[in-house]
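Sharing a structure with you now.
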Amino acid sequence: MDEMLMMGREVLAEQPFSVLIGAELLKFSVGSAELKVPVKRELQQQHGFLHGGVVSYAADNALTYVGGSVLGPAVVTAEFKINYVRPALGDCIVARAEAVYVGKSQAVCRCEVFAVAGEKESLCAVAQGTITKIGRSESRSEG
Amino acid sequence: MDEMLMMGREVLAEQPFSVLIGAELLKFSVGSAELKVPVKRELQQQHGFLHGGVVSYAADNALTYVGGSVLGPAVVTAEFKINYVRPALGDCIVARAEAVYVGKSQAVCRCEVFAVAGEKESLCAVAQGTITKIGRSESRSEG
Amino acid sequence: MDEMLMMGREVLAEQPFSVLIGAELLKFSVGSAELKVPVKRELQQQHGFLHGGVVSYAADNALTYVGGSVLGPAVVTAEFKINYVRPALGDCIVARAEAVYVGKSQAVCRCEVFAVAGEKESLCAVAQGTITKIGRSESRSEG
Amino acid sequence: MDEMLMMGREVLAEQPFSVLIGAELLKFSVGSAELKVPVKRELQQQHGFLHGGVVSYAADNALTYVGGSVLGPAVVTAEFKINYVRPALGDCIVARAEAVYVGKSQAVCRCEVFAVAGEKESLCAVAQGTITKIGRSESRSEG
């Protein structure tokens, strides 16, 4: 495993909420991040789908990771927007994020979340947001 | 406790993810919903703040509730946007949502999330989104 | 007319696009701004409603104004989100913006756009966005 | 010129606001649309950049077009979000939109807006939004 992915996984292991959810960092390189969350009973809503809050967690965290990959580790998601397009069912979801613009202190990133069932992937959400370096301005909710 | 709040709490109790997080529905009436999430260790990120994913869960779920209060119970959050403005610290967060537009099949709703420490409340996030009736179109991620 | 409104109107008069559209600043004070755009033929789309681009211009510019009212004049709208809820018909639209969070270098603001027909106002769009001081970081699209 | 592009250009010619702005539909096929707006004096703000409202008009309209390409002509942009990343300077801007999810009555689409100066293109904004069929639910601001 390369150093960057290893470092990213260490950070994830220090996030109690990510541990609670069972998130796993699959890929992590400059401008790209991939985060996996298992579909399990305690992450569902009342109809058996993964709760929207879990999908938005995955998008938010993948966005923060990819922002950190281009801006350095001390970053937060300042804001993001998510469109849910399909219920999340299957074995797991995978959130794939990429940086589309990198400035000195901010990056604009996008994320697609797929539901994975066996070999099949279905898009279940699309997100876009701003990742900001911390330290240079007011603090914001991290993670 | 009134019937609507009781019904809302029953739905929340049927969402395993909301139970895992420890969410509590404080208020629920037509056009208004208030959801509380305790600040506890397993919901934090690496710096001791509540994880952004928990804040977005609270906003998303409060938006779904308030949408359901005006459109009927079978609704989903189709999309939303959130701005994180301060790290979430303290005893708990409270997400307060209101409907600003109600159509036949969709409602546009807003939510403010406050961090509560003793008597003091600080705004930590602001959200806006679309809640849609289900059954009338394609299904989307519920919860 | 107070000084702040006068100053705001001078800035608007220096924006050729705002002049082209016929926008008028109705109110401008710390944390609040109100911008009016007339409903006229050349601002419409193919069905006789005000073009969505005009509604989003009004929201965007009112957001920039209210951000400037709390952060100082050198600001840009870094990002915003808008929900269109009704077609814009009538005599004019009025965009009313308020600051909901003010930091050192950024403000999170909201805007409601109303269609005005005689005495009657109907909500036609709701927006939320981030306004950022310029000079401190990379440049962004101003206006 | 193919039939679809021709039809798209006819619709654009029926939008007085698009005519006022001088927008031109460059490409239009199923799942893809490209709209051009010239950089000219009357579309600028006070610092000589293209006004943000023009950039958001281009994004919004390109999103509506691409939504229409997959859902049929009677569509509106229900909501969208835009991140401005660079001031728009140069000869023109080009908004390129694609559909990322197509449902029965809604499509989620993305758009990138580039500033074009000679041979050089620079990303100046990124957008994401929901395009909805009209007729099936309440009306919304079209265009």
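A, B, C and D are the chain letters, set down in written order, and residue numbers restart from 1 in every chain.
Here is the rule we use: a residue touches a chain if its C-beta (ideal position, glycine included) is under 8 Å from a C-beta of that chain, and two chains touch if they have at least 3 such contacts.
All figures in this text were calculated on a predicted structure; none of them were measured in a lab.
Comparing the centres of all chains, each the average of its CA atoms, the largest separation from chain B belongs to D.
Counting C-beta pairs in contact, the pair that comes out ahead of the other among A-B and B-C is A-B. For this pair, chain A with chain B, the centres built from the Cα atoms lie 20 Å apart. Centre to centre, using the average C-alpha position, chain B and chain C are separated by 28 Å. Residue positions of chain C with contacts to 2 or more other chains are 78-79, 81, 83, 85-86, 103, 130, 138.
The touching residues of chain B, counted against chain C in their complex, run 81, 83, 85-86, 100-101, 103, 108, 110, 112, 123, 126-128, 130. On chain C, the positions that touch chain D within their shared complex are 11, 14-21, 41-47, 49-58, 60-61, 64, 76-88, 124-125, 138-143. Those residues of chain A that touch chain C in the shared complex are 78-79, 81, 103-106, 108, 130, 136-138.
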